[in-house]
Structures are given as structure tokens and as C-alpha cells.
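Per-chain residue numbering starts at 1, and chain names A, B, C, D, E and F are given in the order in which the chains are listed.
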Amino acid sequence: MKKPNDIILHAVTKVAVPIILAFSFHLFFSGHHNPGGGFIGGLAIASALTLLFLAFDIETVRANIGVDFKVVAAIGVLLAVLTGVGSFFFDASFLSHTFDYFNLPIFGKTELATAVLFDVGVALAVIGTSVTTILSISEDR
Amino acid sequence: MVELVLMSSLFLLILSILLTLYRVIKGPSMPDRVQALDAIGINLLAGVAIFAVLLRTSAFLEIILLIGILSFIGTVAFARFIERGVVIERKPVD
Amino acid sequence: METLMSFLVGILFMIGTYLILAKGLLRIILGTSIISHAVHLLILTMGGLKTGGPPLLGLKNTSYTDALPQALILTAIVINFAVTALFLVLSYRAYKLVGTDDMGQMRGNADE
Amino acid sequence: MNVSLSIEVIAVILIFIGTVFAFLSAIGLIRLPDVYTRSHAASKSATLGVLCVLFGTLLYFWITQGVFSVRLLLGIFFVFLTAPVAAHVICRAAYRSNVELAEESVQDDLKKVMQEE
Amino acid sequence: MSWLHTMIVIPFIFALFVPFLYKFFTPRIHTGWFVFIVPLLLFLSLLKYIPTIAEGKTVYHSVPWMPSLGINYTTYMDGLGLIFGLLITGIGTLVVLYSIYYMSKHRESLHNFYVYLLLFMGAMLGVVFTDNVLVLYVFWEMTSISSFLLIAYWYQRKKSRYGAQKSMLITIFGGLAMLAGFIMLSMITETYNLREMFNQVDVITAHSLFLPAMLLILLGAFTKSAQFPFSIWLPDAMEAPTPISAYLHSATMVKAGIYLVARFTPIFGGNAEWFWVISSIGLITLLYGSINAVKQTDLKALLAYSTISQLGLIMCLLGLGSAALYFGYGDEATVYAAAILAAIFHLINHSTFKGSLFMVVGIIDHETGTRDIRKLGGLMGLMPISFTLTIIGSFAMAGLPPFNGFLSKEMFFTGVLNASQMNIFSMDTFGLLFPTIAWISSVFTFIYCMILLFKTFAGRYQPSKLEKAAHEAPLGMLISPILLASLVILIFFFPNVLSHYLLQPALIAILPIFAESGGIDVKISAWHGWNTELFMTLGIVGLGTFMYIYLKKWSGVYGLFSQRWTLNAGYDFAIERMERFSEGFTNQYMTGFIRDYVVYIFAVLIVMLGGSLWLFDGIAMDVSNDAPISLYEGGVVVGMIIAAITVPLAKSRLTAIIAVGVLGYLVSMLFVIFRAPDLALTQLVVETVTVALFLLCFYHLPEFRKATVPMRFKLTNLIISIGVGVIVTIIALSANSTRLFEPISSYFENSYDLAGAKNIVNAILVDFRGIDTMLEIFVLTIASLGVYTLIKLRLAGRD
Amino acid sequence: MNNIVILPIIIPLIMGMILVIFRKSIQFQRWMSLIAIAAVGSTSIYLMTQIKGHGMQTLQLGGWQAPFGVSMVADMFAVLLLATTSFVALCCLIYAFGSIGRERESYYFYPMFLFLLTGINGSFLTGDIFNLFVCFEVMLISSYVLLSLGGTKIQLRESIKYVLVNIISSFLFLLAVAYLYAMTGTLNLAHLSVRIAEVGQDGLMTTVAILFLIVFSLKAALFLFFWLPGSYSAPPTAVAAVFAALLTKVGMYAIFRMFTLVFYHEPQVTHLIIGILGGLTMVLGAFGAIAYWDIKKILAYNVIVGVGLIMSGLAAFTSTAITGSIYYLIHDIIIKALIFLLGGTMIHLTGTSNLKDMSGLIRTHPYVGWMFFIAALSLAGIPPLSGFIGKVLITKGTFEASYFWLGGIGLLTSLLVLYSVMKIFMNGFWGETLLSEDMEKGTTKGLMFPMGCLLAATVALGFGAEGIHEYVSMAAEGLLRPELYIEAVLGRNPMP
């Protein structure tokens, strides 16, 4: 049996992945006030990547995304922890977060919170781990 | 009145999920089951939407899209597995 | 509803336990996954069901459901996911190396 | 009866119709003889049902709460985009894993092609 | 640190240097010469104390060790301690001197030998000079350990290891029992100091733990002193080099039990249990040892059994003498206290003659290469000095004049005769047993002494059976036994010097009621006139000689007792059975089959939780606060149950995994229904990824097989799983009905003001309980690294 | 507020993550992990002095007031264990340098080691029941990875069992937390204590307490130890030593914490159960220890015996007994690591773990032999080594509580323990020397130093028990007086 082609899937994937990614970012950023957050955002991004892996093969995707996802995960965790460590320098308890509202020129009243930094760490860790896991398994023969 | 209609449609949806579940159990072939799973996902999606209307809250709207995405990914993965035995392919080593 | 949920949790626990007691590795893993659902539902139930709107302040509800159990479950889900992933890979590696997925044959007294 | 209320009713009716479609497709899933025919029920009517429900929901939130949810719109688009593909991949998988056609089937065009390969 | 402390520590410190001395001076100088200084120095410095102690004074010093726990390194010296100290250092000096000639500096690993020896010496000094029971226990166990090491000195030999293990097990068992006894005593008196315990005798006697504490401490004493039935380790301990046998297993260590009994007499003495247990065990041991000694063919084994029997004798005397405490100060007490005096006296005498005998046997072994009396004989002319020494030793042991054994044997008879006339402790019924058994044992003692003497030195010389041509030992080797033998004679002629300086102070230490009178007025003399004791001795000589001559005729009697029923066989059997039983038993439940382990876990869960619910009335049922159930919710629940049941019934793995997927989706529906959007999102994603992982791994895992499980298994599984389900449900229902407090979560509803977040769950996750999330992603990362290593790293082999 | 309290958790975490990123240089990994563990050790010693001077140190994470946020509590008990843990971990790490092998080193051995410590330290320090669960999971998942690292047959086979048992126990843990939350509505340990003290410990609460006991028993190998012998004999020596020394201790720590701080109202039920389980554990463990001729198995069962003894101290629940348990706990951590390292060295040298196949090692390796001898004595609680004082105090405590049977079992099993380890010594080290030095499978190069350190510690702890007595008694006081802990966490006026 000849290897079947995946034209339909590829085409749809190319449309779907950006949607998923956009949605993931939405989930990630709305997390502070709406359902979502770093973890879900990260996983959604990871699922977008998974869809890519599903539709194409590992090598093709790898060629385009040249990141060691283990390191991504480690950096994510480090980021989250170091956000907490940051509070040492302000003489606050570990993992103390702060937030304030700024009037930025374009966005208007914007909330900036260190918790977002923490969430970025979470998201990175989640992306890194899920992709590492999936890739490791599927690379095994 | 509105509530009643919504409740009954919700129940109808759950009922159809249960019916679809029969297909999951019965099979007979794997694609049948996957198809049923996909259908359940779609039904669930509708169910969440109705529930959101019922509660008059927009808190669950993210879930709707997410179910859509995930059930698609899941279905593709299953289909891949059934078709080729592997979920994620590697380039054949020439 | 809490009562119904308690029974549901009990039944899920029962089925999960039954699966864990099986010989095949795969059934065991499936069993743990069912039990994990049961545990999460139990935490939710024990936090009290439906006493208010979703725990989102933006929605202007008068009361909110207990958010703490939800946070706990979230953590638990993730941890369980991590453990399941590891367990799955572990079991398939073990299957490949030992050559059986039958726990009854993985006793390991004979060949040492 | 003002406009918003009537649209609300329309929304609810849309939702109800959607669920009916979904229910019908569930019956179809049970009743139809093989995976290929069932895929019609699963993809076409279920998708239609879901779209109805989502559209109703969209309307409802738009009217009653003044929220025009992009997420929902995106959701509708996404389901619309992927449901057929999902059905397609399943059917292809089914065919390639040699799932038998129902006895009542009269034609199998692919068979020739596959055998040539 | 007083000098007394220092004395105890010196051997330990010196032991540290021995390996270096050995390394640098071997083979030029025998390491023993360095070691020799230590006991000599200690002995001389102990001599200095004699006048002080004889005046009735005591020495007491304390150095804090663990003061907060009341455990201090307290030293104390009275008459009793001094005697032991002199024995330990005195005989120690001689033994080291002897060992210099006995142990070859070319072939033996002397550093080990002398390190052990010094360890033992220090530990033994510690035992006798310490006042704190826990410190006493510390030193006590150290003597066991050093004895263990010394017995297994030739560790290549299987018999050495066997003997070492046996002695260790038995003595440490006793030590542990003794420790338990000490702990009980310390609980009663709230001190670990013996002095303070002596002040609270009334409290101790009245306490309910009196008897257990006493018996446990006695267990320690009996095991150490090889009393029946714990005596079995001593003959096997003869695998040690002979100097060690002479030192540890006849002169000092085995006397530690005697010391302990003597030491605790002020507390426990005067009670019927104490009296009976000690004197009867002593008597039995005396009889058992002497009878068994006669049948031995190995000279050292013979001496070992004789040691057992002599120790029994001393023990018996201590028991009899303890009656003195019952009467309190007075004439009657004085009568019985003579037994104690005899005990101490015999203790010293035994050390002298037994020490010299052991050394002579060592010489014989060393010069002829065997200790088997069947191969020996006719050495009289070849080894005249050894012969003389043996005569002195064995006659002393047999209780013949003019040797010190005669004096103490006579006193022993006096003791038992006095005891038989006692009218307390039901002695009026059993009293006559004592002199009778004592006499019978003495007959046997006489016989084995004669065997020792004549079978070795008289008879025919059989050079063909010996490894070496026999000749007299070098002078250095003979010095020690000669010194001891001369002591044997000296004591016979001047017993009262000894009595005044050593025995009386020791007596006071054992029986404090005589403290004021300065001891008892017993003049030890060889001639008491024609009394019962003398007739008993004459009878022994007569019957003993007769029986020795006709030994061949009646020794067949020993054959009647089957080897299978000896204590030794019992010990071997017990050890073997214990090991076999443990293995069988452990293998029974440690099957290596994970299902069994899970069954245990869940069974324990069911039993304990169910039992607790049932016994303590934990079940509660209250549905008044429940949320109402809607139809669709019911539908979801039904769907979940159906999906869950599908899993175990599924024939194919893919069906099962799809069912689990459905279950997961329905769970997220429930999350939606229960207003948990974040949860629903997470659950959905995680469920999908999990399913994807399952699929990924499926490629490698096998299809379900038709499980061939016996019905019994299935039934157990079913019962267990139903039990777990029921228990979980019941507790859930009860917990749901007993909501005792408002949850703390209302605080989190201010999350917008507190943490600037409108999503409470998210606020809890990243802020209120941020560490949970931090660690959670940490877990995730570890898991993915784990997956990576599992797949990439594959080592072959075992370790 | 004292941010030092969190350092023992995040130092190894951060360092481990850095090592994950910089994976290539093994020398770098070695040095960095050494530094990290040493830093944790010095932190804990600093904390010890702080606690001595100023009472328990607490940190409300994120600055949230006590029952709402997660509290980190460093009391003397926790910090003592922390310090001992760091010391033992350091020794095992150095041992690993010479024995673990290059492949494992380059596949995240050192990060995993540090992660394990993160979990362990977190479990010691946390003051929140759910956070305890999370810390447990950190510890467990790194132990899964460490256990299976290398992927040999026996490792994988035993890992599966180990993982499954621990998954079950994690579920039960969550179950118990859920029940507890339903009844009390809080998660903070101190707050739980206050609330339960307020309403008393009724039958249902006791049942939940027993559920917690089961959960922690699974981790502590208290009676539910079936998983232990297999899984501790699978991994490489350094890992097995760390497991033996630390993993069960965390479970025991949790039992101590829960049953002195929260569920202390019905000691005649819960503590008696602990006592019975402890007694059974000792007996079964001792049976196991004398049953086999396999070094690893003998040592693994000895771990079990130790658990039983320590738990009987808690069962007695008197001041003496608790003090004894703490002493013994510290001793047990050190000695289990040491004896496992020594046993591992024997296996390393001879290439077999079967005692019947080895003999006379003392001729070629006198130092290993004598170290083993001393360690064996210490393990059996022979004075004056470190196990002695703990054993005496535990025994005394059980006697005081009139649990004479328990104390008796403790003493008798220590005899069997001695028998079992002396069996190793007599068969492995004594007897005719079979292997000449060049026939051996491995060398002891680089392995002696860590073992020497541990040995010195056990000797020093025996002679210098007074030196730490102040700390130990302070720890015991902290355990026996829950109000101290509550005050430290919730402040002087605990909210309802």
C-alpha cells in the first residue's frame, strides 16, 4: 500500500494552528480575570504543536522549530521560581506578587502584575514538558 | 419557559450522548468508536453552550472552542493510530 | 447532588480498584486513570456543590462556589497527568524489556 | 414583546432545533448500518445541530448581555472547519484498516484504486 | 576525669596505637611487649587502692556524659569492684605475658588480637567500676562484642565463626534483657545511678515492676555467666586462642554475671524469688557442668564445662547468701552471709587455678599440637613443670588441701548446710536438696580433675598420634601459670590476709547491712575439726577415686542420652528453623506480585477504616444541605457510570481507552455543571493529551489478552473493589453530613483587591497558593525528563 | 516572616534546573550539586540556631496571612531532619561520583538527586496539608526517575510496582484531604489543629485520621511495606542508600506531624494502632531480615525494622519516647545510608549480592570490613554508637506508657537485626578469602571518604548525644506542645 497523502489534513492544519495559537494566547492572557491562565494556555499551545506533529512528521516540524524543549521547560520553572525569589529583594515573603495599574499610551489603563511573569514560567514549563514527552515517545522505535 | 426549553434541550443532548455511548461500547469496529467519541465531543460542546445560556454566564465560552479544538486533535490522533498504528510519524529512514 | 456524587465516586473507585487488581499493565493504568477522576470529583463534592456562580469576579455574581477545591483539583490533575505519563512510558519500556505485560510474571524472584 | 425578547426567543428556539438535530444524529449513529453511513449522521447533522446551538448562544449573549463573543464566532468557524475533516480522516482510517462496508452497499469505487496500489 | 576514669579509658586509647606499633615494630619486637605495660600499670595502681578500700571507704567520681538524660560516666569503687579490678588487670598482665610466647609474631595478626584484648580489658574495667546502669550496659555489651571478635580470631575457621555467633547471640540477648530490666529500675527510681537506687530499695520492692526487672537483669547475668541453660555458648567459645580462653572465658568475662548478681543483691536480695532463682539455677548449673565435663575428650572443652560448673557454684552461693538480707543485721544474717564470703573467695580462687590450668592446657596444645585426651598421655616425664602445675590446679579445683580450692569448697559446704536449715522461703521442704546436689556435683568435679591430670600426664606416651614431639615449654610461657599456681598455694596458707583486705570490703559492698560492723567475723582456716564438711570432702575423695578407676565401666551411661536432645542441638535446630521459617513465611506474603500487594493495601484500608467507622460510630447521613439534582445531571452521571463500566468489560484496548476518554469528557461536563470553568478547561486538555499519550504508547504495548485468572482471584478482586467503593462512599456521605466549619475560602473572594485578579481560581493558583503551582509544574518537568531518560538511556546489565 | 525558611526548597530546585540546562559538563554538574547541598546544609544549621534563639521560624508564602496562604514552618524537628538529610545526601552524592557511571551522570542524575531533595525538604518544612501532598509528589516523581534511571530490567520491573503503590497512596492522600476539607474547611495544619481541638475528634474524624495513617504508612513502610524490599534493591547503590535513608523518613515525619499536631486527641485509638502496626512491622521486618542470603534484601528489611521502632516511640507518646524517636530517626537516617553504601560496596567488589558467593573480604579490604562491623553494631543499637540512646529512650517510653510488649519487641528485634547484619559480616568478610585484589569487579577508590564521614557521624552521635540533646529535646517539646506550633503559625490570637 502506498503511503497516503495528507493534503486535506495539511491544509486544514495550516489554518487551524494559527487559530489555536491565537486562542491559546487569549487563554493565557485572560487567565487573570477569566478562565484560563498559564497552565491551560501552555497546554493549548502544546496541543497546537501536537497537531503539527500529527499532521506532518517529526523531522519536518523539528526543522522549523529548533528548540530543545527540555531546556524550555527548565527555563519555565526557573522563571517561575525566580519570580518568587525576586520578592527577596523587596524584603517580602517568597512568592509575593505585586500588581499596579498603569496608563499606557495605547492600551489605556493596564494592569501589570508580577503574577504574569509567574504565569509565563508556568506556560513555558508546560509547553516544554508536554512536547518533550510526546516527542520522546514518538521518537522511540 | 425559556429555562424549561433549555433544560429539556440539555437533557436531550445528554440523552444523545448516552445513545452515542452505545456506539462506543458496541463498536463494532474501531472507527465506529472514534466516530462516536467525536460525536460525543461535539454534543458536549453544544451542551456547554446551552449550559452557559442557562446560567447566563459567559464563563464557559472558552470551553466551547477548546472542546472543538481538542476533539479534532483527538480524532485525528485516533484516526492516525487506526490507519497506521503510529500516531506521530517520522520520516522514513532511507 | 452531593449524595449522588458520593455514590458516583464510590462506583468509580470500585471500578478503578477492580482494574488495578488486574494482571495486565494496561488495565492497571486505566484503573489509575479512573480513580483519579473519582478523586477529583470527590474533592469537588467535598467542597460543596453549586452554592453560587463560577468563581469569577468579573461576572458580578452575588455568591461564588468554593474556589479553593477547584484550585486543589487543578493541581491534582496536573500532577496526576505527570505521573500517568511517566507510568505509561515506564510500563511500555518494561514491557519491551521484560517481554511481558503480565504483572504475575514480573515477580522477579526467579532470575536473581 | 420587544425586539430583544423576541430575539431571545429566537435564540432559544435555534438552540432547541440544534439539540433536536444532535439527537437525530445520535439516533442515526445507532441505527445506520456501517461506519461510512454513520459518518453522515455524525458529521453532517451533528455539525448542523452544533452550529445551530452555537449560533443561538451567540445571539443570546449578544442580545441579553451585550457581549459579542469572538470566541464563540471562532468556535463556530473552527467546528465548521474541522468537523468534515475529522469525518474524512475517520472514514479514511476505517477504509484503510479494512472495515467492511455494510451488506446493503452497492458500490465501492475505491476498491479498484487500492488494489492497483 | 579522675584516675579511676582514666584507668578505664587507658586500654581503649592504647588500642588505637596498637596497629601502628604492630606495623612499625613487627617482626622485630612482639607487639605484646607494648601491650604488657598497660595491664601491669593498671594492676599496680589498683594495688594502691587496697588500703583505702580495706578501711571501708569508697571512691566515687562523676564525669558528665549526657547529663540532660541523667546518663553520666560515673565511676565508683568499693570492695567488690576492687576485687574484680585486680582480677582483670592481674590476670590480664599474666595472660598478655603468656600470649607473647603463645602467639607467634610471624604468623598471627597480632594487631587485631591485642586491639580486641585491650578493648575487652577496658570494657571489663568499665563494667566493674561504673555506677551508672546505662554506662554499665555500654561496657557490658562491649565485652560481648570483644569476646565475639576474640572467639572468631581465626575467622577462616567455620567453627570459630559458629562459636562467635553463638556467644554473641546469647550474651547480647541477655544484655538486652538486662537493659530492659535497668530501664524498669530507672523508671521506678527515676535515676540511672546505682547509689541512688540503693537508697530507694523500699520503693523498688513495693513496685509492680519489681519482679520483671529482677528476672530480666538476672537473664543478663545468667547468659553472661553461662548459667544453665545459657551455658551452651561457653564450650564453643573455646575456639578462641588459649590465652583468651584463660582470660575471658574463665577468669573475667564470665564472672561479669557474678558481679552483676552481687552488685544487685542490695536491691533484690532478701526476696524469695531472688533467692530461689539464683541458688537453684546455680545449683543446676553446677551439676550440669560437672557431669558434662566428665565426658569431654577435648581438654579445653573439659575446662569449659568445669568453668560452667564452678560458676554455678559461685552463683548458688550468692543466692544462698542473699538470705542474709531477709533477716537484717544480726546473728542469723551472719550465718548466711558466710555464703557470700565463700562466693567471693571462690571467685578469686577459681580465677587463679583455672587460669593456670588453661595456660597449661595451652602449653600442651602448643607443644604437642593436640588437646585430645585420647591422643595424649605419658607427658609426665617430658613436661615436668607443666605436670606440677596441673597437679596444683586440678587438686585445687577438686577441693583438696593444701590448695585454696579446699578452703572455698569447705565454705561452700558450710553454706549449703546452713541453708538447708533455713526456715524461710519454703526451705524447710527443699532444704536438703542443696547439700545433696552439691555433694554429687563435687564427686563429678573430682572425677574430671583426675581425668585432666592423669589422662594427660600418666599413661602411655603415643608420639605417633601427635603432630609434634612433645617437650617442655619455654620459660616465658611458664612464668604466668607458675605465678598463678604459687598464688593457689599462698592463699591456702594465708587466707585471712586476703579476707581482711579484699573479701570483707567486698562483702560489705554486697551486703550493706554489715557496713557498720566492718564485715563478719569469719576466720578462714583449713582445719575446723571433724565436722560435716570434712566428712563430705572425704566422701568425695573416696567415691571419686572409685568412680575414676572404674570410669570405663560406667561412662557408657552418657551414651544413653541422645545427642538430639542436648541444648546445643536445640540451639542449632532453633536457629535453623528460625531462618527457614522466616524465609518460608516471608516468601508467603512477599510474592513479588503487585496485585497481592495492592490487595493487602486495600484490605488493610477496608478493615481499618470500616472497623473504625463501625466501632466509633463514625457514620452520619444528612442530605438536607444537598444541592438538588437536575435531570441532565443525572444523565451525565449515568453516562459516566456506563463509560466506566465499559472499561473493564472492553475486549479491545482501544475500546477501553475510548471509554476512558468519554469518561474524561463527561467529567469535564460535570466540572462545567458545578461551575468550575478552569477545571473543565484543564480537564479537557489533560484528558486529550493523556489519550494521545496512551495512543503513542499503544504502538508498543500488546493488545488485551484473554486473562486466565482463577475464580478465586476474581472473587477476591470483586470483594476488595466493592469494599473500597463502599468505604469511600460511606465516608464521603458522612463527611458531607458533618460539615463542622465554614471553609476558609470566603477570604479569596476579595481576590481582586488582594491580588488584582478577578478569576479567583487563578488568583489562588498563582498567588495565594503559588507554591503549589510552582511545584506542580516542577513535577511536570521532572516527569518529562523522566520520560526522556527512560527512552534514551538504556544500560545493560544489573547494577 | 523569614525567607530563609524557603531556601532549603528552592536552592536545590534552582540548581537542578540550571543543571538541566547546562547538561554537558559533568564536572560542573558534580561541583554545583555539591555546592547546592552544602548550601542547604548550612541554611538548616543557621535555621537551627535561629530556632534555638527565637522559636519556630515561619514564612507565610506570598505574604498571605496564615490559614489562607501556604505556610512554611521550620520547627526544630523539621530542621534537625533537614540538617541530617543534607549531610547524608552529601555523602551519598560523593559516593555517587565514584560509582554511578558516566551515562547516568549525563542523563540528569544530579538534577534528579537535587529534585528529590527539594521534595524531601519541602515535605519537612511545609505547614499545609495539601502542599505536603505536592511536596510528596515532587519527591516521589524524582524517586521514580532515579529508581528507573538506567533502564535495566530489574529497575523497570521494580519501578512499576513502586510507582503503582505510590500512585495508590497519592490517591488515598487526596481522598483524605478531601474528607478533611469537607469537615473542617481548611488546609493549614495549625488551623486544622485549632479547629479539631475546638470540636473534638469524633469517630468520623478518627476514621479520617486512620486514613491519613494508612497513606503515610505506605510512604513510611509502616506495616504496608511490601513495595520496599524490591524497589530498594533495584537502583544503583548511591540511589538505594538515599532512598533507604530518606524516603521512609518523610512518611514517618508526616505521621509524627499529623499525630502530634492534628490528631492527638484520641491516642488510645490512633496511637495504639500505630503501636500495633509498629510492632508488626518490626516482627515482619526482622523475619525478612533473617530469612535471606541476599545482602540487598537483608538491608532492605532492616529499613523496615527501623521504621517500626521509631513508630513505637510515637505510639507511646510520652516525652521520653518522642525524644527517643527523634534521636533514633536521626541515627536511622545516617546509619541506613551508611549500611546501604557499605553493602553496595561489597556488591560492587564481588559482583554478586549473594552472601553464599562471597567470603573473606576483610583480608583485602580491612577498612570496609571494620566500617561494616561498626555500622552493623550501630544499626542494632549496640552502645555507645548512635542507635543506643534512641533505643533506650524509646524502650523506656514504651514502658512508661505500659506498652511493655512493644518495648520488648523492639529489643528482641534488635537482636535479630544484629543477627542478620552479622550474617553479612561473617559470611562476606570472614572466612577464606576467595577473591584476590585483581580479580575483583570494582575498586573502592573514591568510595571510602563518604562512608568514612557517615561512620564518623554515627560514632560521634553516639558519644556526643549530649551535644544535640538540647535540640532534640526542643524538637520533642515542639511535638508535644501543639500550641507552640499554632502560635508560631497563626499568631497569638488564632482566628476561629
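Throughout what follows, a contact is a pair of C-beta atoms (placed from the backbone, for glycine too) under 8 Å apart; a residue touches a chain by one contact, two chains touch by 3 or more.
Quick caveat, the model's predicted, so the values are computed rather than measured.
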item	value
Contact-graph separation of chain B and chain F, given in steps at minimum	2
Chains touching both chain D and chain E, listed by label	A, B
Middle chain, criterion being Cα centroid separation	F
Farthest chain (mean CA position) relative to chain E	D
Winner on C-beta contact pairs when A-F is weighed against B-E	B-E
Separation of mean Cα positions, chain C and chain A [Å, integer]	25
Centre-of-Cα separation between chain C and chain B, whole angstrom	21
Geometric centre distance via CA averages, chain F-chain D, whole Å	57
Distance from the mean Cα position of chain F to that of chain C, given in whole angstrom	28
Contacts with 2+ other chains: residues of chain A	4, 9, 16, 19, 23, 26-27, 33-36, 39, 44, 47, 50, 70, 73-74, 77, 81, 84, 94-95, 97, 129, 133-134, 136-139
Where chain E touches two or more other chains at once, by residue number	587, 592, 594, 598, 675, 677-678, 680-682, 685-686, 688-689, 692-693, 696-697, 700, 728, 732, 735-736, 739, 743-745, 748, 758-759, 761, 765, 767-773, 776-787, 790-792
Interface hub residues of chain C, defined as touching at least two other chains	20, 25, 28, 42, 45-48, 53-54, 56-58, 68, 72, 74-75, 78-79, 82-83, 85-86, 89-91, 93, 103, 106, 108
Touching pairs - complete list by chain label	A-B, A-C, A-D, A-E, A-F, B-C, B-D, B-E, C-E, C-F, E-F
Residue numbers on chain E that touch chain C, as the complex places them	587, 591-595, 598-599, 602, 623, 625-629, 633-634, 637, 640-641, 644-645, 647-648, 653, 656-657, 660, 663-664, 667, 670-671, 674-679, 682-683, 686, 689-690, 693-694, 697, 700-702, 704-705, 707, 709, 716-718, 720-722, 724-726, 728-729, 732-733, 735-736, 739, 743-745, 748-749, 751-752, 758-761, 764-765, 768-769, 772-773, 776-777, 779-780, 782-784, 786-787, 790-791
Of chain A, residues touching chain D in the complex	1-2, 4, 8-9, 12, 15-16, 19, 23, 26
Residues of chain E that touch chain B when the two form their complex	630-632, 635-636, 638-639, 642-643, 646, 652, 654-655, 658-659, 661-662, 665-666, 668-669, 672-673, 675, 677, 680-681, 684-685, 687-688, 691-692, 695-696, 698-699
Touch list for chain A against partner chain E, complex	27, 31-40, 43-44, 46-47, 50, 70, 73-74, 76-77, 80-81, 84, 94-95, 97, 99, 111, 113, 115, 118-119, 121-122, 125-126, 128-130, 132-134, 136-140
Partner chain F, residues of chain A touching it in the complex	70-71, 73-75, 77-78, 81-82, 84-85, 87-88, 92-97
